[in-house]
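Next up is a structure, given as structure tokens.
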Amino acid sequence: MSSVAVKEDNALKVSRANCAKNTVVDVKGCSIGGEEIVVIAGPCAIENEEVLKETAFKVRALGATILRGGAFKPRTSPYSFQGLGVKGLEILAKVGESLNMPIITEVMDTEEVSLVADYADVLQIGARNMHNFSLLKKLGQLNKPVVLKRGLAATIEEWLYAAEYILAGGNSQVILCERGIRTAETWTRNTLDLAAVALVKDVSHLPILVDPSHATGVRSLVTPMAKAAISAGADGLMVEVHPEPEKAWSDGEQSLTPNDFNHLINEIKPVVKASGRRLSL
Amino acid sequence: MSSVAVKEDNALKVSRANCAKNTVVDVKGCSIGGEEIVVIAGPCAIENEEVLKETAFKVRALGATILRGGAFKPRTSPYSFQGLGVKGLEILAKVGESLNMPIITEVMDTEEVSLVADYADVLQIGARNMHNFSLLKKLGQLNKPVVLKRGLAATIEEWLYAAEYILAGGNSQVILCERGIRTAETWTRNTLDLAAVALVKDVSHLPILVDPSHATGVRSLVTPMAKAAISAGADGLMVEVHPEPEKAWSDGEQSLTPNDFNHLINEIKPVVKASGRRLSL
Amino acid sequence: MSSVAVKEDNALKVSRANCAKNTVVDVKGCSIGGEEIVVIAGPCAIENEEVLKETAFKVRALGATILRGGAFKPRTSPYSFQGLGVKGLEILAKVGESLNMPIITEVMDTEEVSLVADYADVLQIGARNMHNFSLLKKLGQLNKPVVLKRGLAATIEEWLYAAEYILAGGNSQVILCERGIRTAETWTRNTLDLAAVALVKDVSHLPILVDPSHATGVRSLVTPMAKAAISAGADGLMVEVHPEPEKAWSDGEQSLTPNDFNHLINEIKPVVKASGRRLSL
Amino acid sequence: MSSVAVKEDNALKVSRANCAKNTVVDVKGCSIGGEEIVVIAGPCAIENEEVLKETAFKVRALGATILRGGAFKPRTSPYSFQGLGVKGLEILAKVGESLNMPIITEVMDTEEVSLVADYADVLQIGARNMHNFSLLKKLGQLNKPVVLKRGLAATIEEWLYAAEYILAGGNSQVILCERGIRTAETWTRNTLDLAAVALVKDVSHLPILVDPSHATGVRSLVTPMAKAAISAGADGLMVEVHPEPEKAWSDGEQSLTPNDFNHLINEIKPVVKASGRRLSL
């Protein structure tokens, strides 16, 4: 189907045809998809309570309102660090509560959905699981917000249909997240597709975030792509921050330091304003 | 890592460094990865017992030794036919038994692994789940052969690491299956990567099949690609056959009729011989 | 080579290592690569003097300072309109002069370089010719600005080396132009790679434009991508405008009407300001 | 257009609709596109007379009937060896004549067409120039066979339209050559698309070769891909051979030694026979 056909197909719950008004997802008082631009920040993986606390405290002070951190990590090699699991969830929940920040973390398997949902305020489906239809169906039965990342090589149409799996199950709190697609370009980890952001806002009523960290894999590109994302119409950002990226257990080369994150916030402020929106605080 | 580095890395169970001799997987007396070329055939989805029986009987008579059929179907849209589920598994097992054909079917979720394993002789992980690490780990604990399809846009390295997840869990009966990768070409559904077949045979000791049906999505290309696959060194084929493709509930345009399948078998015979191998019968 | 290696390689004329200060290319008093953001606009192909005049007058009044228009058109089919050739160059030059707008047009062949250079203020190398090394060498001998579009599937590294061909020949007036790369996404004509813009500004001292028209192929995406491009650090835009896009001889579905262009200018103004720059007027 | 539409469009000279019988191109008595499989071999670049002579003598003795060698080389960097130019053409012609082998070499520019045509029996358009429409038009006016390589990221449809440019000009002696397309896979230089070979043979009447050297960039993959290409229906092969690949001035890692080439010929012989064809001798 063409984008126009999807936009006009009122048999699809994701379609704009069903909702002239944008969907706004409420995350414990923090709304995504409305006038405010939300910034989600935190480390790639939860390593221990101290590092997470330090990171969370700093990003919260600088303007992030939701805390991210991975407890179950999808890794190419079975011998790479797979995340702290339940222990990670406990740490994340504790730190989030202490700072009054809602938390988001990835769920990789249908068998872990209820466990992760016990801790997290938002559940994330990673790019590698965008086509995991069993997982999508399970999250459709949940009454919690879901962030659905675009698959490594998924078309926008397939991505919207993946969201449809969740909506069809009865859960309408779906937030899309563009994180780049795989191409032959080698200087960036993926190719960030910002036209997808503008297209999704046109074709669908769902909110959409951009993850400039995974999209580029390069620290110095995170801030310019964050600004570009907001200008393209994104409803928020998801950014990796680590107090000492060179010591991070994963994704260090794309993580910002708290200082870098401070710079990012300062840089996006005028762009947010130019877009007629305001930063969620 | 480069292909040479993976080939020489004896810390990786998939690596050729660990096994000069090719792994041969036994499927109820039918061996995959040895001298014989195996042909797996059957419909995309199991629709009912009659159609499956007719298809199975014909492909068995013509040279297929393993029967394929989908009971749980990964579909882009939640509103497309999702497969008959358990009922489909029962039909598949019954038909396979009646013809003395081992059966292979896809498993999409960790929660269904033991159910599918109760019926199937070989469990298949589809392209959309190649990066579903929870599922890979679960199949690593199984004592049954697994066919692992290459992901939509997965590199060969990522694919071998996905196999490593299964081997690392203790299950060494892994069979790879090349089914094309996604590119900008539009006249075929995917781009069949036969160099991947030759590379895998060099870098790893695992057997590898080719699925020319999904790789091309075009009926007339299935037979030439089957021949090319064997010349490239594939250990077998996985082919969609339906008695009336135009009435198939899914993938009709790439399914062969029994007549087409007869032609395919006749065409590959001299190629199999030219490769110094023989058809499994 | 990595982007860092290219950035630090002072044997490469395009490298940042050779020029801490950004190159600013002067086009008849209109500078590209400095503080000002330049907007280049006009029809895809020059059709006749009336249409071009009308378009040029309107885009000039609204804020475009350089006029674009194709006289030699690279078309997939030999039976499609190939451009008006010399007649087109004459019209373009006449209209440009009457409005005091510098003009840019594509050159497709070494044999036409001196002809095109007689008329044009800036010569454009299209995406399909980015790897036409003979043409690059010829333009290296010219003393005129050159806009070098990124190839359909060119890496950023290859693109910078293509620019190096021109610089190595002695012509340092090179302006890069990102126009999207080819991917498996079908809802857009190409995938606009804005990380390439930020990377190029970091690795090289050359100015860089963005062509949101060809990058997306979709009218409604041109303005959001124009805004995103400026936020990503682009030095200017190249936009297709046609008084009646539905009657355009080529690329109608991605051309803006003068009204759309007015909207684009109004939308980018606050973004330009937020980037600490100003529109060239 | 779909492949079926192109196949049935008799307004296109490349279309099967215009020619039920396959086009057979005669190259000084060596026919391409008929029953015989032709093998074209030689070094990537012509380095000097001795090396070329030695290579040519050996490949001729082993079964190659046409000699390849580059005099004008398309190189990513302007500082890489650009080929010997006219001197290279002279050497190639001399060696070809001494062994009674027709010669093929690349032409990169309209201005060099008549020069190259003075020496070469077949002119080659490289992947980077497939979209160089001026060059295509010029070769359409020639009365010599042309090998047209597929562009780096060209669709099959665009490739056939590029051939149409040559045919439309009056030159019907066009031979296509599949050499892989660019994808995100990193273990091979390109992804060889053998379905394109079968599709082209179906949709068009033009002969088609495969270049397994450039398609893979890996010496050990050249022979298996050569076999697969013939099984897919290719009319011939184009292979890089160098007496000492580790000393080659370009593409050494994908060049075969004469010994490797001997092995390739021995390996393809049974496949050629299995395809009901015979090697050109």
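For reference, chains read A, B, C and D in written order, and residue numbers begin at 1 within each chain.
Here is the rule we use: a contact is a pair of C-beta atoms (placed from the backbone, for glycine too) under 8 Å apart; a residue touches a chain by one contact, two chains touch by 3 or more.
Keep in mind it's a predicted model, so treat the numbers as computed, not measured.
Asker: Among the chains, which one keeps its Cα centre farthest from the Cα centre of chain D?
Answerer: Ranked by distance of C-alpha centres from chain D, the top chain is A.
Asker: Name whichever of C-D and A-C has more C-beta pairs touching across its two chains.
Answerer: Higher C-beta contact count between the two pairs: A-C.
Asker: For chain A versus chain D, what separation do you get between their C-alpha means, in angstrom?
Answerer: One centre to the other, that is 47 Å.
Asker: Centre to centre, by mean C-alpha position, how many angstrom separate chain C and chain D?
Answerer: 34
Asker: Which residues of chain D are in contact with two or more other chains?
Answerer: 153, 157, 182-184, 186
Asker: If we count contacts the way the header does, which residues on chain A are in touch with chain C in the complex?
Answerer: Per the touch definition, chain A meets chain C at residues 2-3, 153, 155-157, 181, 183-188, 191-199, 202, 215-216, 218, 220-221, 224-225, 227-233, 270-271, 273-275.
Asker: Any idea which chain C residues touch chain B in the complex?
Answerer: Chain C residues touching chain B: 153, 182-184, 186.
Asker: Would you tell me which residues of chain C are touching chain D in their complex?
Answerer: Residues of chain C touching chain D: 11, 74-79, 108-112, 128-129, 131-137, 151-154, 157-158, 161, 164-165, 168, 182.
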